[in-house]
Each structure stands twice: as structure tokens, then as C-alpha cells.
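A, B, C and D are the chain letters, set down in written order, and residue numbers restart from 1 in every chain.
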Amino acid sequence: MLRMTGIGKSFLGVRVLGGVDLEVSAGEVHAVVGENGAGKSTLMKILAGVHAPDEGTIEIDGRSVAFGHPVEAQRAGVAIIYQELTLLPERTVAENVFLGREPVRRGLVDRAAMETATGELLKSLGEESFGPRDLVRRLSVARQQVVEIAKALSLNARIVVMDEPTAPLADHEVELLYTLVRRLTARGIAVLYVSHRLREIFDLADRITVLKDGALVTTTEASSLDTAGLVRLMVGRELDSYYPPRAADPPGEVLLSVRGGGNARLRDIDLDLRAGEIVGVAGLQGSGRTELAKALFGAEPFTTGEMTPRRPRSVREAIAAGIGLVTEDRKAEGLLLNQRVRDNALLVARATGAPQPRTGVERLLERVRLSPPRPAQEVRLLSGGNQQKVVLAKWMTVAPRVLLFDEPSRGVDVGAKAAIHDLMRELARDGMAILMISSELPELIGMSDRIVVLRDGRLAGELPAGSTEEAVMSLAAAS
Amino acid sequence: MTQQLKLGRVPAGGALLRRISADRPARPVYVALVLLVVLGWLVFALDGGTFLGQENIVGIQQRSAALGIVAVGQTLVILAGSLDLSVAYLISLTSLVTAEIMAGADANVPTAVAAALTVSALIGLANGLIVTRLRVHAFIATLGVALVVRGALDARYDGPAGSVPESFQHLGYDRIGPLPVSALLWAAVAACTWLLLSRTRLGYRIYAVGGDAEVARLSGVRTERVVVVAHVLCSVCAGIAGLLLASRLGAGAPTVGTDGGYDLESIAAVVLGGTALAGGRGGVAGTVGGVLLLAVLDSIFNQLEVNSFAKDVVRGVILVAALAIYARGRRTR
Amino acid sequence: TSDKPAPSASGAPAGAPAGSAAPADKGTGEQSKFFVQADYDAQMAMRKAQPTGPSDKPWEQTIDPQLVDTADYKKAGPYHLCFSNAAVDNPWRQVGWKTMQAEVALHKEITKFTALDAEGKDDKQISDIAELTGKGCDALIVSPNTTATLTPAVSGACPKVPVIVFDRGVQTDCPVTFIKPIGGYAFGAAAAEFLVDKVPAGGKILALRILPGVDVLETRWSAAKVAFDKSDLQVVGVEFTDGDAAKTKSVVSDYIQRYGKIDGVWMDAGATAVAAVEAFEDAGQPVPPINGEDQQDFLKKWSDAKLTAIAPTYPTYQWRTPVIAALKVLKGEQVPKVWNLPQPAITQENLATYLKPGMPPLHYALCGCEDLPGYPEKWGGTS
Amino acid sequence: MRRALPIFVVLAGLLVAIAVVNPYFLEPPAFLAFVKRAAPLVILAAGQYFVIVSGEFDLSVGSLVTAEVVIAARLIDGSAEATWPVLALMIAFGLIVGLVNGVVTTLLRVPSFITTLGMLLILSGAVFLWTGGSPRGALSEQFRQLGRGSLGPVPWSVLILAVVAAAAVWATRARFGHTLVAAGDNDRAAALSGVRVARVRTVAFMISGLSAAVAAILLGGFAGVSAQVGKGLEFQAITAVVLGGVALGGGRGSVAAAMAGAFTLEALFTLLNLYGISGALEPAVQGVIIIAAVALGAVRFPRARAAAAS
């Protein structure tokens, strides 16, 4: 029912898509995969009328269409859940769901109808914890994603695009989404599904289209591929093992230690981080993992408890004590998107008055495997993986003793992810203590020397390396 | 689950102001207004006047009508995430267009009104197109348009010109009981705008575009159109204020808008009313409160015969203090 | 000046030659549309006329009065006077306003004096006048912000209370009396005639104006234009300065640079005269004949640098007169329908009497306030 | 730098256009006179740059300039001895006003547009409350020299401008400059990287206040006491900075370009004057040129969003 042929697109003279063909039939889940910057989102945005393609044609039901604005794509039956949240925090859920398509009666917006319809949609999504009149800014990110999904569904579209819909979701919410996707396809709706989580791809997809460097690699039946094969297609080479080997030596001295740490969201946190080890943090959405990282980093400091080095009351104190944080939201909290790579890399050093690296920024960029390592490039033009590497470079200039990673591979492709994992191991081997928060259980289990589990702002327990996903989940979810 | 929800909430001890300003941005300004009215009543009582007397109430309304109408228009552009610094010159221009076309004759009134509104709509269109099509920051775009309008005024006019007929002056001077016609006009403009913002698609989209233009666009809103329409409506409001002033002055005047300081004062009134300067939050009710607050303040100043320098100091302090209070209210949600 | 134009909201002042001169004429451009021959003639006549009244109190003097009866307004004291002021946004109005307040304080029979400041806003002044008419005033003094636009408000007040207008007029004769100095033509002519007298034939004159379109300023220039057109001087430029000293200085410097030498400077207001003088000093040139106004900084410069200068005035002592007039009206005494006050010019001969060390630089010498209580401290001076 | 280039081209073009009409313009005395005239605005633009690049506005500089001159005149009151202490006081006052602007904006979280609008009202009211309505006292000759006099052929104001420009460029290259731009680009990310966002922004406001004090010294020196020296300067300074390609909203642009923007504006005034554009048309021409220049800048160098939206 959908056929995109020979799609090409350039931004500022840089070609990001070229000659991509995509065919989707009714009732199918069609996955689109590829590394960061492969052009998945760009392709989806072209379908959604956000970008106009430089070349190529789009046909829906055999009729050729050209969208100059998202609203035209909506009218043609395309709905999209964007990779980034596209909600207005100051408006209600209902207003967001019907944004741009408010029902009117006698010239005035029919609020009652809007709220009823939203309520029904939410119910069909199994969401009862909030209602159509709640302000979106009061909802957690996961719930906001539910609103996002409701918004796409409310269009009654025939093609639904989901660009990394599960990124902010926890596992049980992902399950709900699965059910939903299946319900859509049962009604003959085509679903285009973009994700870096390969497990989801195999769980859901009928066919898989692989993009690499803006070009089409192939489209195949999902059943004809296994994970390794898919990765090979995406990366263009074999990735022998997923995770770098753990350190052979026992961990060294304690570099950071908390006893009874607490604040508005956390209680009774006892934690030791030792040189050379990677400690994983597991927990459900909203369990306080990010708060833990921010507390250790002085951004939302502990108000009670003991800590060595001295409990930081501000980010600067934490940095001075040798603690760094790779935030979960790169663009909002990690990077200066309009500045050059170089200025980003030197930011912490400049801000704290630390000496700038003598080896030069170029060496550092090589070390974090930025490719190509061009210090004069503006960061906003880099792929997600490369951006994450710039964040890493930023911390390495000041050589922290403890580095906290909050979702280090969120929205990062398999290739860049492997590079970041390697680097984390390398840093640990060099004597750094690493705390890693991740919602991806395989990553958490694969990387961590031990895993602490958070629940409702408290430590629910600790698990050794190599624990099973079930063990982690049962600790995280137990009531 | 319940515990999680509790954790997410504001601690119960949150300050009163914080709570009242949390969801309804207009509320604090009315609280302040009530307090000021009480203060005014006291001041007048001690000073031998009657604050709530008809004279004074009429005076307050008369004084606030023109600014009120402009500020309502300004609310629209600010909510849409833009800004209009050209209203003052536009007011002068429309007052002149009105008075010159009327030329003292009753028969010309409809033409003149239509012409004034058309001119202002066109200027608004220019503002909107420069902001959206040429992607010039609204601050610079409307400042530039203001300069152009000023050039046109300087080139054509050396002082008051034209005259409006007696019949048209009813708009500026008559009143129905304690309600001046000008205040009713203001109320009508405010009510229409309120309806527009809270009950029409356009209103919803103005909030959306001001809240986050990119989100609005991705959700299928034609954001540029919305911004342009907001600018056109704002300018039309300025045009209406120009009509009102022409009616009150009996003529058009090339400096009436700038002398009145309608550009910065209207912005001040809007933000006093709790509308976020960045757009997307607030509304007309707050603006009306903000304008009334300034008018009551003026009336107290008048009664106390405060000199204009002291007035500026007080106004500056109130403006900053009010915004600081709003900011406190929003910090913890 | 009577009323510096109120600040415009947008910035960006810049110099520009105005009145692109037709080659045949004197470089003065077209006559202003504000020019009224009859008014001009009348003012020229008044300049020569002898005022009646006490010569040591020019604010009580009047030229060519046509007295009107005020018996209708007569009432017993004490009185409540009201005043709607256009603005106090420039030094001229500041000096005048202080003078008026001091005058009020002189009269025990005025027990209440309510003044509202319109801050340069026509609309506010209209409301102010309406508000004042409702406050039980015995007489209302109005200093209008603009002529045409305040006419309806003043007309509205006349039936309720005796109205006295000063400085600027209104387009109705309903006020009991209108008080003004002789006027702008007299000012402009005095300065221009001085230059015609002092500058050798063929000399290059630079005319500096504040803004176009302000009635009281337009008349000054139009009278000067008449004088220059009759003379053998060449007006090489008519420039607007926005009343901005830095801009004035730049404009004058540019002209000195362009023409090598400027032989005379005519100004429609004195506020930036010192800046113009300094432009010559900074260029290392002798200062040509120039006119200023009665502000202390100019008088001091004149005296210190031994300038060839004249200072026509628009006296601030006119702020005393409305109070005096109001009392006369309320006592049923006759007042002139148009109360023309004398408008002296400061010349080399009487410069010393007007130069008052200890007064602020922007103080106006013709305040007529020296005998008032509180002088000089109240006017910012030191004795 | 890429963004900054166009303004230098435009400036060069304008200077050439002026020289065509007035061949003497490019000779040292005339050119120095031009630079001297432009100096106060250039200095204000440099100060304003720091505020704008950090993501804020400073609308209070115009009234601060007026206040400074009025304060100086009253305190100096013609006395030579008082000159230097009062100059120091003016600098301190500028810094304090900037400090207040900065603290109110960063700690009380009032949008800077409003903070500085309030400051504008407060300053213009308070200073005249203090002097009783209009300026009093007088500036001393020593004070006036800074704006009027020269060292050999080079006016003092040109020298002061050179120092200010050098200091401004140095400041943007120093750590402070980088952290300031970081705060303007993404204050959250900057804060989480250890930048003291509130502090650097406050310092930016203080620099703007300082630049207003210096501009006031030059303007007061050049033309003497007046109640309206600073009128409209805030809009001119902001316009100049934006002309220089500095983005309102922060994070982009160079101080050299901002200063070039101020020169451009001044050259534009001069040119309009030379070509005899009448006083009335002048603002109109200016308005069109400003919009056009900024629009062209936006078209050439789209922001991420602008590109996404096209």
C-alpha cells in the first residue's frame, strides 16, 4: 500500500539519504534498522511530510503523493510517533492528542468530545493513571510516551510510523506496546517500526529493511535472519562478541562511598564504587536511577547521609572531587549543539579551570573513537553515537576518578555502542570507577561487574555479574 | 504506586503564592489587584477622596481602555511566541488614517474605520511575514517595521491632522451609566479574544505554536500561518486602539502612540498578567488584570500627586517583583 | 522651548539635511505649512510694543490686552486650584513647574492645589482634565500637551469651571484666558535678525532644529526663514538634531569639515547650543555668531568664551501667570482674553544680570523666580 | 566566524560608498572622527554582545548612560579634584547595575527583557528624583577631555575604544568567553558540565553595565550634560549586535562582528546623511536595511530548526 522509490535527501549539502526504496503492505510490521545516522528518522520524516525529499516518489495505494507539510501526510493517512517527544508540556493530554485536529462544533472547539475520545483511547491503551485533563508536564516520560502513542492512534491512520517508540519505556510497557501493534496490524494497518533494540525487531517485524549510510542495504523477511546476521547487515562487518571481557583483576580501592544517602526521591542509599569496576544500576522507570546519578553528581544533592569524597552540594564540587556524569538526555543536558566538537570537549576543563589536555583535543577524539575526528565540526551535525563520544571526550579532558553513565547507549547504534562499551572497559581497567544505569537488561548484564537494583528510591538488592534478566526484574518489580 | 505519586508532588508546605500561580497564571494578578484596590481605598479615604466613586471608576476605565486593547492584541502575539514592538507607531498611524479620512464628516466614518483596520491588518501581515518567511527574530522584525512606519509618519505629518466628526467622538467620551463606551469596546475586544483563545482551533494553535513551534508543526499545525494571523490580530487591536484614540483626541496625532508608550507598556501589562514572555502560557484574563492593575496604580498616583519619576521607579519595581513572584511559583511544580 | 518633544520610543537618531534647497533661494527650503502670516505680523508688532504692568514683574505684564469681564466667576475664597500639566519631562518644564508651585505657595487664599501630570500622553491628559473637573476645583489651569487634540477635553471642561490655558493654546476660545509669551515667530526672528546683523554678507549659516512638525518650533524656523530670505546670507544647511547634544556636535563638525568655515549658527532651541559652540572649539575655529536660549550653561559659555551671541527666550516665568490669572478671575477682576507676556532676549548688554553662578546648567534664567520663597535651593541652585 | 564574515563585507561596502561621495572620508582625520563618533555605540554593542550571546537582553543600557552622566555632573559639579573619584564611581555604578540585573535575572529568574525594562524605568526615574527633575552640576574639563580631547592626532575615545575592543576580544577567547557562550547555547548542559551559569551571566550583565559606564564617560565628555544622552541607545546597541550576526537567544556570534555591526550602523547613518536622505525617510530606510540584513543572515546560515522546517 505504500511505496517509496529512489528517495534522496541532503542537509546543508550533506547527503543523508540516497536512492532508498521502501515498500510496505497492509497489515505488516515493517522494521527499519540501521546505525545511528543511517537515515532512518529522516526517511520516516519524509514520509510524514516533515522534510520534502530532494528526489524520489512516494505512492500510497498506487497514487503518487507529495507532502509539503505534516498535515498533508496526516490527511493521507500517515501517523507518526517521532523519536523525540512532540508534546506541549503546558497543555492537557486531550489538547495534545488532538493538537492540530481539534473537533469543532458550531465553530468552537468541542472540548467534551475531545476529552471523551481521549479517555477512550487511553483506556484502550490500558492507561488509567492519568486522564485527558491532566497537564502533560505533570506526567513521567513513560506516560508522556503513552500520550504520544494515543495521539498517533487518534488519527485513525492506515500507516503508523513508530520511530524508537520504546526508548523511554520499561519492559512491561513494551509488552503493552506489542499488543497494541498486533492489534493495529490485525485491522490491516501497516506499521513501520524503527528501533535499535534488536529483540523487539525480531519479536514484532514481518519484514526488515536495513539502511546504512543513507543507502538501502536490503529488505528481507524477518524469519530469514538471526541477530548476528542482522548486525552484520547493519554494521557491514562481523561483530564477534557483544561485550568486552570483564576485568580479570579484583577491583581496587574504594573511590566513592555512600552511607544512608537520601533526598526527596531517594532513601537509605549505601553504595561503594571501586577502582576498576563497572557497577550496573537496574530499576523500573521512575525508580530513581537518574536521581541517584544526579545525587552522586551533586546536581540534585543528597540531603542526608555520609559520602566519601565529601557529599557534593553542587556539580562543581562533584567535578572537583573527580566525579563526572554522562547524562541520559544528550541533547538537552550533555551537549552544546551549536558549538564545535572542540568547544564541547573542552567545556568541563574550561568551566572548572582545570588544565586543558596537553595531548591536544585531536588525540582525545581519537581515543573516544570519534570518526572522523574533526574538532571544528558543529556537534548538531553529528550522529547520535558520535555525539555520545563527544560527551565522553568532554569528561576525559578532566580525567575523573568516578564516571557515572546514565543510559549511555540510548539511541546509539550497535557499532557506536560497541565502541562505547570498549571504552568503558578500558577506562575501568585504567583505574576508574564506573556506574552505569541502563534500561537495556542485556547491556546491563553484559557490562556490569555487579548490579544494584533500585526500587522506589531505595536499594532493593545487589546481584553478582552474570545474573539473569529474570533475577534483575524480580528484584526491580517486587512489591 | 500511590507512594510514587506522592513523591512527585510538591511538598504540602508550599507557599500560598506558589500554589495559586501554579496552574492559573492569571490568579496572582487579581490577588494583587484586590490588594491594590484596598490600598487605593485606604489612600483615598485618608486623602479625602472617594476611590470607589463613579468619577474615579470611570477614570480608571477611560485610562485603561486604549492600553487594554493594545495589550489584548499583544497577548496574542506573545502567546504565539512572538512580540510586537511596532504597535505604538501603528496606533499613531491608524489614528491619522482615521481622522484624515473622516475629515469631520459623519458619512466617512465607515470608510475610515475600514481603512484604519485594513492598514493595521496589512502592517500586521508584514510583521508576520517577516517573522515567519524571512525568519527575522520578532524583536528586530517589529522594530524594523516600527522604524518604517515612523518614517512614513515623519514624512507625511507634522503634528495632529484630520478631524473626526462629533458622532464618532461618542466612542471616546460617552458612557452608559458608570461604563464608558471605550471600556465596553475594550471588554468586547477582550471577550472576543478570550473566546478565540480558549474555544477555537486558532486559539489552541496559538498556544501550541508558542509552547513549542516544532512540536506544533510536527503535529500538523501550520505554524507560520498561526504566527501571521496572531500578528495580524495584534495589529488590528492596535488599529482599534488608534480608532479609539482618534475619537478621544478629535484628530489623528503622529506621536500619540509613542507618547503613550504603548509598545513597552503593553508588553509589561501582558507579563504582569502572568503570560509567559516565551509564549504558550497565559491568557487574556491575566492581561486584563495587568492593565487594570496599572490603571489603579495610576489612579492612586494621581490622588497622591506622585511625580512622574517616582512613578517610574514604582512601576519598574512592581514589574520586576511580579515576575520574580511568578518565577518562584513556577520553579517547584 | 516651550515643550521639548516627548521621547520617541524608537532610537536611532541620525542627522539628515532637510528641506532640500531649490538652487535659486537662500537654502531655507519651503515655508512651513504652520506659517500664518497674520500671526507673524502680530508677533512682529508685539516685539516692538510696550507692555503694560509692573516692569519689574514681567509675568504680570501684558502686551496689547483685550480685557474680558470675569464677574460671573467671582466667588469668595479660599480656593481650590487644579492644574493639568502636559509633562515635566524636560528642564524647561521642570523650572516652570517649580516656579508655579512656589507661586501657589505665595497665596494664602489657595488652600488646595491639585496637579496631575499627563506624562506627555494626550490620552492621559484628556482623562486627567475630566477627572479634575469632577474634583470640585474653583479654577482649572491647563498646559496642553498638543494643541488640536486637547481641544475637545478643554471644551468639555469650560462649562463646568473657569479654564486658564497657557504655553500652548487650544482651538477653542472657551477658556477665560490664554497666557503665552509673544511666541515662536518672535523667538526665531530675534535670532535670525541678530545673525543678519552680525554675519558679513554672503556668510554661510547653519540652521539647527530639533524635530519637524512641532508647532512652537515650526513657527520659530518659519520666522527665521523669512528673515534669511530677505538677507544676503546663505543658509547652507537645515538639520534636525533630535535635541541630542552629541548629534548636534557631530552635525556641526560635519559642516565645518564640509564647508571649511561656518559664519553663523541659528538654533530653534538652546538646549544643545553649547554642543554647537564646542564643535567649533574642538575644530580649532573661532565660534561664529550664534544664538542659544536662556539656559545657564549657554550663558556661562557665552560669558567665558566671549561669544558673539544672543539668547532669545521663551520665558519660564509664564508659569507664574496662570496662578495669578486664576486668582484674578475668581476675584472677578478683568483679565486679557489673550495674555501676551513680554519675551525679552538676552544680549551682550544684559548678559551679566541673567548669568547666575550657582544655578544648575540647565536652569532657565528667565524663571522670574528669584523673589520666590525657596530660591535658589528649590531650583537646584546654591546661594 | 563564518557567520561573522558578511557584516565585514557590508561594512567595507558602506565605507567605500561613503568614500565615493566624500573622498576625504578615508583620510586619517576624517576617519578618526568617524571612529570617535562611533566609539560609544561600538562599546555598548560590545557590552551588549556578552549579554546576548549568553541568551539574555539588556534594555537598561540607554537609561544607564543617562543616569551615569547625570550622576557624574551632579557629583563632579565642575570640580577638577572630584573627576577621578567620580569616574571610578561611575564604573562602580555601572557594574552594580549590571550585578543587580544579573542577580534578578539569574537568581530570581525574571526574564531579562523584563528585568532590564524594569531597570530602565527605575534608573530613569530614580536619577531624576535625586536631582529634582533635570541635570544639575557640571562636568569638569578633565572629564570632558576623555570625550573631546586627543592624544596627538588620535582622540582619546578612539584609544579607549581600542582598549575596550581588545579587552572584549580577549574576554571571548578566555575561559570566561567560552563558558558564557556555552551558557547561552544550552544552559542546562553547561551547568551539568560545571559552568556557573548564574555567575557567568551575571558577569555578562556587569560587562554590559561597565560598557554603559564607559560609553557614558565618552558621551558626556563629547557633548556635555544632557537629560537624554542615552535615549534609544539600547535599541541601537541590540540592533548593532544582531546586524553583526549574533543570534538573539544566545550561543552564536562573535564580539568582533557585533562591534562591526555597530560601525555598520554608524556608517549607515553617515551614508544616509551624505546622500541627503531626508530626515523623515531615514528611519524607514534604516528599518528596511536592518530587516533585510538580518533576513539575509538567516537565509545564509540556517539554524537547525530553520533547516528542518524548510
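The rule we apply is simple: a contact is a pair of C-beta atoms (placed from the backbone, for glycine too) under 8 Å apart; a residue touches a chain by one contact, two chains touch by 3 or more.
Because the structure is a prediction, the values reported are computed rather than measured.
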item: Smallest count of steps, each to a touching chain, taking chain B to chain C; value: 1
item: Shared chain contacts [chain C and chain D, defined touch]; value: B
item: Most contacted chain pair (by C-beta pair count); value: B-D
item: Farthest chain (mean CA position) relative to chain D; value: A
item: Gap in Å, rounded to a whole number, between the CA centres of chain D and chain B; value: 30
item: Chain A-chain C separation of Cα centroids, rounded to whole Å; value: 72
item: Separation of chain A from chain D, taking each centre as the mean of its C-alpha atoms, in whole Å; value: 43
item: Interface hub residues of chain B, defined as touching at least two other chains; value: 143, 146-147, 150, 154, 214, 217, 264, 307-308, 311
item: Numbers and ranges of chain A residues touching at least 2 other chains; value: 50
item: Numbers and ranges of chain D residues touching at least 2 other chains; value: 133, 235, 239, 278-280, 282-283, 286, 302, 308
item: All touching chain pairs, where touch follows the definition stated at the start; value: A-B, A-D, B-C, B-D, C-D
item: Residues of chain D touching chain C in the complex; value: 24, 30, 33, 37, 40, 62, 73, 131-138, 148, 219, 222-229, 231-236, 239, 265, 269, 272-273, 276-280, 282-283, 286
item: Contact set on chain B toward chain D in their complex; value: 130, 134-137, 139-141, 143-148, 150-152, 154-156, 213-214, 217, 264, 267-268, 271, 277-278, 307-317, 319-320, 323-324, 327-328, 330-331
item: For the chain A and chain B complex, residues of the former touching the latter; value: 48, 50, 69-71, 74, 80, 82, 86-91, 95, 99-102, 104, 107-109, 129, 135, 137-138, 140, 151, 264-265, 286, 456-457
item: Residues on chain C engaged by chain D in the complex (per definition of touch); value: 7-8, 10-18, 20, 88, 90-91, 94-95, 97-98, 212, 240, 243-246, 248-250, 253-254, 257, 271-272, 274-275, 278, 282, 297, 360-362, 380
item: Partner chain B, residues of chain C touching it in the complex; value: 5-10, 12, 32-34, 87-89, 114-117, 119-124, 126-128, 130-131, 134-135, 145-152, 156, 212-215, 218
